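Before anything else, here is the set of structures, which you'll find just below.
Heads up, the next two complexes both have subunit A, just with different partners, subunit B and then subunit C.
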Partner chain A sequence: MSGGIPHAEALAAWRARTPAQPQALALPVPELLKRFHPDRQPGSMVPLRVGASAGLPCRAELATLLQSDSLVEDVDIAAAPMLDADVLVIGGGGAGCVAALTAARAGARVILATKLRLGDSNTVMAEGGIQAAVGAEDSLQRHFEDTLRAGHFTANKELVAALVSDGPAVIRWLIQEGMSFDLAEGSERIGGNLLRKKPGGATAARLLSYRDFTGLEMMRALREAVLLQPGITLLDRHPSLELLTDDRGRCAGAALHDLSLGRTVLARAGATVLATGGAGRLHIAGFPTSNHYGATADGLVLAYRLGAALREVDSFQYHPTGIAWPPHMEGQLVSEAARASGAALVNGLGERFVDELETRDVVASAILREMAEGRGVARGNSLGVFLDTPGLEREKPGILGKSLVTLTHLAHRAGFDAAAEPFLICPTLHYQNGGVAIDPDGWSGVPGLLCAGEVTGGLHGRNRMMGNALLELVAFGRRAGRSAAANARAERPRNIGLTHLADWRRALIAQGLPLTSKAPVIFPPYGNFDMATQRGRAA
Partner chain B sequence: MYFEEALLSEIESGPKIQLVFDGHSIIAEAGASLLQAWAAAGLPLIENVGCMGQGVCGACRVLVRRKGERLAGTALACEMQVEDGMQASFVDHFPARRPHAYDLHALTDSWTALDQIDAVFPEAKNCRHCSGCDRACPKGIEVQNMVNLAAAGQAFAAAALFDHCVMCNLCVAACPEHIDPAHLGQFVRRMNAAITLRPADLITRLREIDQGRQPIDFEAPGANPPFES
Partner chain C sequence: MKILIDERRCVGADLPAWMALGGGTGLERALADPAGIIPAIEAAGLRGLGGAGFPTHRKWAAVAAQPGPGKWVVCNGNEDEPGTFKDRFLLSRTPHQVIEGALVAALAVKAANIVLYINPREAAAVRVLREAVTQWEAHRLFARLATAIGEELHLLVVTGSGLYIGGEETAAVASVMGGFPFPTLKPPFPAETGVNGAPTLVNNVETLAHAGQILGHGPEWYRSLGLGGAPGTKLFSLSGDVLRPGLHELPMGTSLRSLVFEHGGGMLAGKAFKAVFTGGPSNTLLTAADLDVPLDFDSLRARGSRLGTGAMIVVGEGTSILRKTAEYVTFFANNSCGQCPPCKIGTHQVSRILERIEAGAGRPDDLRALENLTELLPGSGRCGLVDGAATVLASSLKTFRAEYEQALRPGEKR
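The block that comes next holds the complex of A and B.
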């Protein structure tokens, strides 16, 4: 990235010109995206060379992981202790919890294995809300069409229909699990109406919320429910190193790694649900991320190696307003509510440069353009543009204290007053639009293997709408949990092992790909722990 | 990688802070969070970490003693910035030893809410008002007040106090009476929602769906791309 205008100078320019006048984008949108969207840069995508989706364009950093060798050999699992369950759920975020609960209540014995601690996930960080078409003027059909349009008509219609049809029942289910929702002003708890907001790209107010920490409220309820549910064995600090197969190619569970004892444990299961979330911590294209620490694409790597097909793995969402300064908060999200309420984006010359209410990909690209062409704001080693919160406060006095509470706290933690000084922001890696291809019951196409949540693809096409991620994880967590429980005892796995790895390694060698690259990475590089070489250490 | 480079270059350029973290003497950059200082010092970060700075997951719990202070306090490592002479150590996660078991779906009679709270959390009425839970909470929640309100059956008031709980469970560790305040707080919150939240618009839409009055048409004009593009 090139240098920008020094912060003090930029602040002076901003003060001199405030309020900056609206400015239409100087560049046609297709050209802007082509030149500045991170997914469109030369060399950013490569075709996959091995596996079920060979030929599919994929982000280069992700392709390296997808086309790498396993962390385990036969010798690693030879004497490993074996656990047994009907259903193995991998991932302790929202989708994993919902799948585990649903399967256990259907009578399955469940193991829930998670890399960090139950609940540590992107789910808990979600702020905005969850979509469900409950308004009288709204309909399932409108939710269906809005979601398809936002995804540039590349989503799978059957999946989207399943998603939106489940919406209202998902909200009822969440209330039954003890999650609260905001009510419309003046509404009573019985017989009132839910508070609804309009998410970007929607034709009706459909976003339900709990204050501005909807994900935390959801995760609290789900976490307690899982802890109290008979029939679920919880394994914290047990990342999955490799899926297991039986001699017919059916997924038979996973080789887990017990981090506290530094040893491998096998979990045998009739059905396995992957709910491992996204990939933000790969810092694709060098971006900071709003994702939690565990988002390292583990599930994509495991499923792909076992033969599952992927889709739209060349499409990621960069949220326009991540924090650029101070460095200790880099990448954290400044909610879209700021721009939706009217906060302007201002470059180092004190000028606006884009309609702030454009879609996320356009606004993010416009910001990157300012930064690339020397009109960004430089502060220390950080580069970004201003989000003019003081201008917003002047225009709508009291808004920062009343409705943008989280944003105001964020500024406080960064050590400044959002009403006096603008945020320094730059785009942050936010969501993986694609993933493992599934059917409406959550099946991946590999016998015995289901997927749910951000790890899947097909629901969002090439762009996800705000509020559809939380809906997805409950709707498809329930579907996958139900299918897994129903199927788990139909065929018990036998002769289980790593039989799929021989073919995989042959394919890598045939393509001249190195066997020295190992995945999944489990932890980001700044976690200072290489799973390939250091995992024998107890910690 | 951009992220690491940013961390490293900050360390090289900024003023140096010296602190002791889990027994390791480390040098950190001014302005870094404890969590970032730990990672930048090359120490393995494989637990006690989650949302990395948003402060909502409660995973990175630390005991912190500042220079010149006698007592250590609790904090979240992603929110607490490094200070010279600081001593910090992670507080490992542990689940509650005796889960207070209940089946939310079986709690249907709101007349017996007080009985239910007492039956599931019998220790709540034994609160000895030591304020240990209040001091332990990194979010400044009035935990003890919540426990007392819940024990008196004031479920809504108790639940409201636990609005900002991030499930760090430090109050569970602090309570000498094994009340498990974090789980009591979630119990009253969940009970309130499950027993009393009945939105009319949601119920109406669910009924329409049951009656087949919300069909989805794959071939509708709005469900397909416009012709020109």
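The block that comes next holds the complex of A and C.
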């Protein structure tokens, strides 16, 4: 990236122009996306060469992992203790918790295995809110159309229809689980109306929130529900190494690595729900990420190896407002609620350059354009643009202290006052738009394997609206949990093993791909966590 | 050299196409000299390719010596062993070859009732065979054969139970008669008392397919196909950790090394070769020391193993012998017909112990129990099922004992 305007100079320009003029900005959107969106850069995509989606364009970094060899072999699972369940849920974030709860309440014995600890996930990082068409002037149809439009009309309509029609019921369910929501001005604490905001790209006020830590509040409620639910065996620190197959080629559970004892255990299940989330920690295109430590595309790798089809794995979402400075907080999310409430984006010349309520891909591309064309703000080695929080505070006094508490806290941790100084932000790798192709019941196409949450594709097309991720994980977590429980006890898997790996390796060899690269990644390399010595045989 | 599975011969149920390829020659030559059939088979050195390796001419001569009429020929296509997939290929892709062989056999033993006994799970094979049989019935050779035998011919497609045990020859006879495929004690052999008490010839699909070829091309031609004194070719069902698994037709006596590293494309991902389970998998394992052994009945018997059905399940470094053995013994336990208590209970007991070890909860006592069972069980059943289970267990326990010990419960390893 070219150098920007020095921070002090930019601050002066920003002060001189304050308040930012509320002008309408006409941007050449298609051209902007084409030139500046990271997914559109030449050479960033390669076609997949093996597997159910051979030929599909895919991010090069991800393709390497998708077309890699397994971490384990047959000998590694010999003498491994076997756990038995009706439903195995992999992933302890929102979707995993919802799937496990739903399956357990439907009478299934559930194992919930999570790489880190229950709730260590991207769900807790969701700040803005959750969409559901609950307003009087709103409708499911409008929510459907908004979602489809935001995704550039590439989403699977059947899935989107399922998503938006589940919306109101999902909110009711969450309230019953004990989640709190912001209430409209003048509402009493009991029996009030939900506060609705208008998310970017929407035609109605549909975003329900709890302050600016909606996901954290949701996870609090879900976590309690899971811990109190009989029938769920929780396995913290049990990353999945490989899915298991039975003698009919169905998914029959997973080989897990017990990190505390350093040994492999097998979880056999009639149905397996993958809820492993996204891929931010792959740092695609060198971007910082807002994702949690475990977001390493493990679910995509495992499902693809077993024969599941993928879609839109060339499409990622770069959240416009990640922290650019200070460097140790790089990539952390500054809530969209700031822009939704009216905070402006300002370049080094003190000018607004984009309509802040445009969809995320457009806003991120506009920021990247400012940075690339020398109008960014440079501070140390960091480059970004300003998020005008002082301007927002001036417009709506008290908002930072009352509803944007996380943002205020972030500024405090970064060592400045958000009411006096603008944030330096730049786009951050935020969400995996595509993933495993599923049907509205959550089935992946591989018998016995379901997926829910960010690991799936088709719901958001090529761009996700804010607030739809939280809705998705509950809506499809419930759908997958229900289908899994209904299907799990049809027939017990027999002769479980890793039989799919031989064919997979033959396919890799046939394409001349090296067997030296191994996946899933499990932990990002800078974690200094040496799985190589802790895995399989060595245990 | 592909004799049976050459692409050009895979004409399906199309009889005129088969005749155009030179099919029917074997049967015509047999009709020209019925007394010369059994000597030709003897000269060719054909043996039972379903696994036993019993000289085919002796079986045929035994049935031929029995008084008629009303004798039977059963073409055994019940194939259900793990890792074996040769008969289903022949039956569905080149059925006339098999039928012609069966008709030659019928002429040789003067049997007018010919049964194609098929595993009902092979739906494609059943469909193709029914079509093929209809075409044969209308063919002139069929009428000539009936005249030569002197009885009305019945060529039937019979679907069995689909159970593994139904492939045993006495069980096949029981199944053809409409009963549960319980094996019976031998003697009496089916050659004396078979279907409906009549003398019955039971041969494997591949054996009969070869018989037609031998009559057509002569015993010398057939002998010349093999290597090192072993006659003819053999279908090998190659599977496991090789690059190119599949059905390979190779000269009888081809070395294991050539099968795995030349025709099989070598070990998958360059892994080290560990062992081979031979079909079904009910025999002593072949190890790296056996790589240069010619794959024929006598050479393998001399090494204490058996060729079996020609199934070769290759195990490389990275695949657990313990898990494979447990899988196969469990297969035998599940497929024991339950007539003979030592088999019914013994295979189940072995399977339980193996599963316990395989789940990481085994103790040294379990290994001792397994060793005892490998000595107690053989010979205790009417058929060979329990013997096969005991053999594969004993062999894997002897050769790969370290893998078993490694798997014992932590703290109890020796």
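The rule is simple: the second predicted complex is superposed on the first by the 489 of 539 C-alpha atoms of A that agree within 3 Å, B and C clash if a C-alpha of one lies under 4 Å from a C-alpha of the other, contacts with A are read in each partner's own complex, and residues count from 1 in each chain.
Just so it is clear, contacts are C-beta pairs under 8 Å (C-beta built on N, C-alpha and C of every residue); 3 or more make two chains touch, one makes a residue touch a chain.
This one's a predicted model, so the numbers in the text were calculated from it and none came from an experiment.
Chemist: In the superposed arrangement, does A:477 touch subunit B (first), subunit C (second), both or neither?
Modeler: neither
Chemist: Tell me the contact category for A:505 with respect to subunit B and subunit C: first, second, both or neither.
Modeler: second
Chemist: Does subunit C touch more residues of subunit A than subunit B does, or is it the other way round?
Modeler: The larger set of subunit A residues in touch belongs to B.
Chemist: Determine, under the contact definition given at the top, whether A:225 touches first (subunit B), second (subunit C), both, or neither.
Modeler: first
Chemist: When the two structures are overlaid on chain A, which partner does A:165 contact: first (subunit B), second (subunit C), both, or neither?
Modeler: Touch status of A:165: first partner only.
Chemist: Contact-wise, after the overlay, does A:194 reach subunit B, subunit C, both or neither (first, second, both, neither)?
Modeler: first
Chemist: In the superposed arrangement, which partner chain does A:145 touch: subunit B (first), subunit C (second), both, or neither?
Modeler: After superposing on A, A:145 lies in contact with subunit B but is clear of subunit C.
Chemist: Let me test your reading of the model: by the given contact rule, A:515 touches which partner, first (subunit B), second (subunit C), both or neither?
Modeler: After superposing on A, A:515 lies in contact with subunit C but is clear of subunit B.
Chemist: In the complex, go through subunit A and note every residue touching subunit C.
Modeler: Where subunit A meets subunit C, its residues are 69, 73-75, 77-82, 495, 497, 502, 505-506, 509, 515.
Chemist: Which of the residues in subunit A end up touching subunit B in this complex?
Modeler: Touching subunit B from subunit A are residues 116-117, 119-121, 124-125, 132-136, 139-141, 144-145, 148-149, 152-153, 157, 161, 164-165, 168-169, 171-172, 175-181, 183, 187, 189-194, 211, 213, 215-216, 219-221, 223-225, 227-228, 234, 236-237, 259, 283, 286-288, 292-294, 326-333, 380-382, 413, 523, 525-529, 534, 539.
Chemist: Please name which positions on subunit B make contact with subunit A in the complex.
Modeler: Where subunit B meets subunit A, its residues are 1-4, 6-7, 9-10, 13-14, 29, 31-33, 36, 39-40, 42-47, 49-57, 59, 79, 81, 93, 95, 99, 101-105, 163, 165-167, 183, 186-187, 189-194, 196-202, 204-206, 209, 214-218, 220, 222-225.
Chemist: Which part of subunit C faces subunit A closely enough to touch in the complex?
Modeler: Its residues touching subunit A are 240-241, 243-244, 268-269, 317-320, 322-323, 327, 330, 357-362, 403, 406-408.
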